[in-house]
Amino acid sequence: MAAVIGWRKKDFWWQSPVVFLEDPAAAHRLVWDPFTVYSPVKFLLEWQASCAAKVGIFVKGCDSRGINRLLQDKRLERERVVVYGVPCGGKADAEKIRASFPAKGIKDVTLLGEQLVLTVGDREVRVAAEAYLLDKCLTCRHPNPVVYDKLLWEEVLPRQRADESRFARVQAVASLATEERFFYWQRQFERCIRCFACRNTCPACNCRVCIFDQAEPRWLGKANDPADTLNYHIIRAFHVAGRCFECGECERICPAGVPLQELNRKLIKDINEAYGDYEAGLDATDQPPLGTYRGEDPAGFDES
Amino acid sequence: MPVVNERFEPLIVAFCCNWCSYAGADLAGISRMSYASNVRIIRVPCSSRVNPGFIIRAFQRGADGVLVAGCHPGDCHYHSGNFFTRRRLTVLKQMIEYLGIEPQRFQVRWISGSEGAKFAMVMNSVAEEIRLLGPNRKLRDVR
Amino acid sequence: MKRIGVFICWCGSNIAGTVDIDKVAAAAGTMNGVVYVDQNKYTCSEIGQAMIKDAIKEYKLDRVVIAACSPRMHENTFRKTVESAGLNPYYLEIANIREQCSWVHKDKEAGTAKAISLIRTAVAKAAMNEALFAVEMPITRRALVIGGGIAGIQAALDIADTGFEVDLVEREPSLGGRMAQLDKTFPTLDCSACILTPKMVDVAQHEKIRLFTYAEVEKVEGYLGNFTVTIRHRARSVDLQKCTGCGECLAKCPAKVASEFEEGLVQRRAIYTPFPQAVPNKPAIDRAHCRFFTTGKCKVCQKVCPADAIDYEMEDRLLTNGYGAIVVATGFDTHKLNDYGEYAYGKHPDVLTSLEFERLLNASGPTGGKILRPSDGKAPKTVAFIQCVGSRDKAKGNSYCAKICCMYTAKHAILLSEKVPGSKAFVFYIDVRTAGKDYEEFYTRAYEECGASYIKGNVSKVFPEGEKLLVRGVDVLSGALVELLVDMVVLAVSVDARADAKELAKKLAVTVNEHKFFTEAHPKLRPVDTQTAGIFLAGVCQGPKDIPETVAQASAAAVKVAAIFSKQSLLSNPTVAEVEQKLCSGDMSCMAVCPYGAISEQVVEERRGREMVTRKIARVNVALCQGCGACTVACRPGAINLKGFTNQQILAEVDAICL
Amino acid sequence: MKITTDKVNSNLVREVEEVSGQKVSACFQCGKCSGGCPVVLTMDVLPHQVLRYAQLGLVDELLHCKTLWICASCQTCDSRCPRNVDIPKVIEALRLLVLRNKGGNYLHPNDLSEKVRRNAPQQGLVSAFRKFAK
Amino acid sequence: MKKVAKTKLAELFSAMAAWGKLYVPAVSDGIVNFVPWQEGLTVALTALNVLVPPKKFFFPQTETVLSYEMGEDLQLEDFACRAGERAILFAARPCDVASFAMMDKVYLDEPLDEAYRRRRENTTVIALGCSEPDEACFCRSFDIDATKAPGADVLAIDIGQELVLVAQTEKGERLISVLNGLLSEATSGDENRVKDEQEKNEGRYVTSVNLRGMMEKLDGMFAADYWEQLYKRCIGCGTCTFLCPTCHCFDLQEYAAGRRGERIRCWDACMFADFTQMAGGHNPRPSQKERVRQRFMHKLNYFPHQHGDYACVGCGRCVRKCPVNLDILEVIQEVGGAVDGL
């Protein structure tokens, strides 16, 4: 293998970025801690395009569905990737930790089973991990990798309440009246700074040249005014409809805190209700819902 | 926002599939039916040619209503075109309603080549519904 | 910058009536890229087209916008005009300001504003029109005719006579269709078999025609010039090569079934030929009623067959073949009378449908051509003919007029008077329609010479009265009540489309109207074409008509087919999809939605930095692609675009409309 | 009986259509209603002629004919009309046009003979007066 | 030196709002941003870095530069002269204030940006000293004192119950005089508390960087293979550039509609794939490596060469918000500057 993609520790307690290790001797730098959240899967695109050798990659449950996503979109050659599956009990949310502990005092944070262990200043604090986990981990239904060559340790049990809380937020927004809903989304999208982080991190957005980066025709203006921002989010949500596997990264890394999961999960809920339950990223060979049809599909409009 | 003799006149963009609804529109003409003049028809080969990008672009550029008209399921000249349209535009319509856009703003109707009367009726009902809703302020470009 | 010419048509007063042409012309002049505006009373006329050609040359126009009637009407005409002036035909764009503007908006101000907007949209699109070139495609010079009645026979013969191969598929064991059941035909009283049987034999013997009886169309794919059709050859259980048609088996077969050909008046055997002059005159085993197939015991026919032609193991065979064009000639059924209890059909044996009466008239029919009452076998002295049974009835029948009943009832009245001397025909009618050559004279002969008495008034009820029948109605003209005691009642049943017409239409991807008659491309100008190029209609499957019209349509369809086959090659529709290699990520989501399987994976080599790498992208087979555009939406980065309806063009149209 | 321009232009057709809710102009005189009407023998103007008169605006003849009061609304004709015209409703509309005029009542209490008044079932009397009087 | 009790801040704000458009930091859905002040809005005094830095007031993310209409002749309308309504920016942090000086070097230098100049001139900046720097703050390393804001018109220091206001420019004086009625004189006790705040500030930092010789070191590193292993994890989004107070790149876009239209200036990010996309399809920075190198070379080498100091104010936004934690701290440390305290 030419390289292994994993995570390493960086300066601050909450920083565990992705790392590309080419020299086996540096394997010690690899780390598994409550902050190794960022999904390394999309880097495989660049890697496979630039070098022919095999590459290893560590994947959590959510990341592994990203592998299937790229395989299904024919952007990845399975045999050139060695997948190390890492069952994951959930990752910590630095914001939640900062809200309860003096950030400057924290030295390091580790997860032991259901316990979060922090060294703050010189004393050690143990708290229940549940309250400090990322939202996306609380609704995670596939903590164990769905595709791997080798599994690092045995599988973990998914959270019980993961299922009902999956569409809870979507339900809450949907129950608002039309005008209230518009005002809610207007407030959210007003903060969007159009940095495209959500698109660039999303394994479902794996096009060679994204439609928003094309000048001729110009589908989306570069100006950050409300109509264009809404246009961007509607079209992106539509493009990943039936392909998004709810890894929640877009919402997590959005600097402006736009609740993108509520939008993507709304489409997943609609597709499940209308065209039958479909979970993206589990089987790399099936056909996404919008790429197929059945004669007796129901319609969301008056078919008389 | 065009106001003709003190009444709000909405602008409606209609994507009509060449084989059925566009033919239905022609039949409405041949039979000299009359319907609201607010609608502007864009001819597309099949309703499955209509990209959500066109629909959002129309709203962004100031259309007050958008209609996509295609063949009845099973009648599509290209066999399966409108089956894909049905799934795509159902997902899109429910999404923009979820984002707070009034449901009547964006409509999809199946109109066959022999349903001239239905075409005129749909045009009138869509124009009326949008007239009641008032101008499109939510999706419109501020420029 | 484009040099666009806008030509606004008056269309007499059709457009000029509700659209202020001058105002529209003025507005057109100000649009981006428009350098020349002109108007003409009849742009599609000779002078109109000449004006366009001159303007193109004089003002060196490179795009043309014609604001006139629907593109579905004259797009091809105007494309030829533009082409003859040296421009690529696809530099033309049409603004539909007649069917979709002047004809549907009475208010002149609104009509004018809309016309301007439609022209602005067409100009915006025209500015982006690229030159498109049709691709030459091979044609399979073989036609498929579905249905072996007079329509199918005539079409097949005419096509074959122009030298092209024809496959004729007939569901029944023999050719003939409806016409074979008839005795005489109006208005000439020709014997139906005499004019039909020779044609059937011609079909059987024509070296260019392959006849597949007892076979149905299973699946149709492809498009004009390249249809691929799978035909189900139902197991006939009789080997056509070996069978000599001696008829031994017909006599010996113990199983008896109501004969469809004889409209159930008499029975036939499980192994049967529909009628004596059948072509091929070889039997088929009706497995639903054959003792061997239902109970496992019998095999009488095999024992008696001198030629050992019976083969019980025969299976349905599915054969697939290529065709360049298809003619649909599937004929019609008679209207089912279960909603018409008032006529006592089925309650009294002497109440017959017109087709049953026709079988009585027929020499090879159940009564050898004599008109006898099914109840007691005597010749009826008085017969009541009731018209429009199931026709012109919005409440519980067909809303349309079935067109042929008035004429065949007149024929029945004439034949009755000839076959049963001293008999009397009463015809209850709403209106007698004789809209053909010599039709009125034929009808006059019925009531003047043959003594038929025509009573204007639809019969309200038929009461069985002993062995006779009491017919109750009113004579609308005199206002007098009518109560006649007659020996027989004949119901002129309506013409229905085939029950399975919709399924066949789905297979062919053509449409049917609410009565399930096939929809023609244009009721006046293209009655034998369908919306789908290469598929033609002949006969009653397109709507009620008599034999002369059916034959005329069949020959018309044949010429249309021959016109296609006579071309060197077919010019494919150039508005097909096109992949831009730079944008294509190779995820092939376009391939999944293509109804014609026109998209395939292709390996390309391209430079990346210093070395050459290979990767897979999508490729469109322009011969298969029909230009529906479903792939352009499935392709998220817009790498696959549809020529003639590109993303740029449609966005430009949307922008122009919303100006 | 003569068809004159003012008769044809009278708005009787529109009035009958409005009150009855039926499209009188749909009738194309096929005669099936008259043929099957059980009480047609006693009628002076046959059902299909009622429609014809209405179409041609022959007001007086219609409003003074006996048919209006004979028709028992048994719907036999309606069940067979190929044009979906509900003839009993049309005749009911004509009755109403008569009854609504001043003094238009067709049946007065003292018209009834003593025997009828004493023996006729009450329901019969009630429905008679609902039909024949305001 | 003036002071005002925190309890009377609401009055102060409405007075300011009467004088000019007032912008204050406020929290919405957990995110702090500068928003126009309205009655009853709770001002987030303790929030350190707002999400979108106040550069947006002088160099907005989207602004119309000119509009045109093609009638008989071409009507052109310049929008620069419309900019610069009178405004007050309340509670800008010292690091952001320092970034204004850096941005001035770009937009007030030749060729002068008129709209920018007018906005700078008509906006009174009230800086708010930081009493509790975050772990990611390292403005100290760029010798920016979190309790002093030399570039601001008025410096405010939080001394517990009150805010001490020190006018530092003539514009500041004018604002203080307008608000005089609501302010009271600061006592000597208050002054001591301010001085004490300013001394204590030094020790409150957890992170700082050693920039000695950074610019010179980078001179020779354009072709270094350090960039090769650094860039791999960058996903090319615009978070760092859009949130960075000193990033000032923009793109011009046409919004045409028939015969009229507008030319728009909007932020652009060197990290975007199409930032240097040429018309012919060529892109001098084809891969993410050139773009990542460009970003740090510009901040730590090109800008200092051209304008004298580093194009970074140590606000820590890129450290906190980068999805893949690729920030300037790491570069400085690995290129050669020491990052003590970690």
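All chains are identified by letter, namely A, B, C, D and E, in their written order; residue positions are counted from 1 within each chain.
Simple rule for what comes next: contacts are C-beta pairs under 8 Å (C-beta built on N, C-alpha and C of every residue); 3 or more make two chains touch, one makes a residue touch a chain.
Keep in mind that this is a model prediction, so the values were computed, not measured.
Participant: Could you leave subunit C out and let me know how the rest splits into touching groups, if at all?
Facilitator: A, B, E | D
Participant: Once the contact rule is applied, which chains count as partners of both subunit A and subunit D?
Facilitator: Common contact partners of subunit A and subunit D, which must touch each of the two, are C.
Participant: So which chain is farthest from subunit C, going by the mean of the CA atoms in each chain?
Facilitator: Taking each chain's C-alpha mean as its centre, the farthest from subunit C is E.
Participant: Hey, which pair has more contacts between C-betas, A-E or B-C?
Facilitator: B-C
Participant: Report the chain closest to the protein's overall CA mean, measuring from each chain's own CA mean.
Facilitator: B
Participant: Determine the centre-to-centre distance between subunit D and subunit E, using the mean Cα coordinates as centres, and give it in whole Å.
Facilitator: About 90 Å separates the centre of subunit D from that of subunit E.
Participant: Which whole number of Å gives the spacing of the CA centres of subunit C and subunit D?
Facilitator: Each chain's C-alpha centroid was found; their separation is 47 Å.
Participant: Report the inter-centroid distance (CA atoms only) between subunit A and subunit C in whole Å.
Facilitator: 55
Participant: I need the residues of subunit B touching at least two other chains; which ones are they?
Facilitator: Within subunit B, the residues that touch at least two other chains are 52-53, 57, 61, 74, 80, 84, 88, 143.
Participant: Which subunit C residues touch at least two other chains?
Facilitator: Expected reply: 582, 593, 634, 638, 647, 651, 655.
Participant: Mind pulling the residue numbers of subunit A that touch at least two other chains?
Facilitator: Those would be 211, 219, 223, 225, 290.
Participant: Per the contact definition, I'd like the list of subunit E residues that touch subunit A in the complex.
Facilitator: 28-31, 33, 51-52, 61-62, 134-136, 206-207, 229, 232-233, 235-239, 242-243, 251, 253, 255, 264, 266-269, 272-274, 277, 288, 319, 321, 323-326, 329-330, 333, 339, 342
Participant: Inside the complex, what are the residues of subunit C that reach subunit A?
Facilitator: By the definition above, subunit C touches subunit A via 582-589, 592-593, 608, 613, 616, 634, 636-639, 647-648, 651.
Participant: Enumerate the contact residues on subunit D facing subunit C in the complex.
Facilitator: Counting only subunit D, the residues touching subunit C are 28-37, 40-41, 46, 48-49, 77, 80-84.
Participant: Given the complex with subunit C, which residues does subunit A contribute to the contact?
Facilitator: It comes out as residues 49-50, 73-75, 206-211, 214, 216-217, 219, 239, 287-288, 290-292.
Participant: For the complex, give me every residue of subunit E touching subunit C.
Facilitator: The contact residues of subunit E facing subunit C are 257-259, 281, 286.
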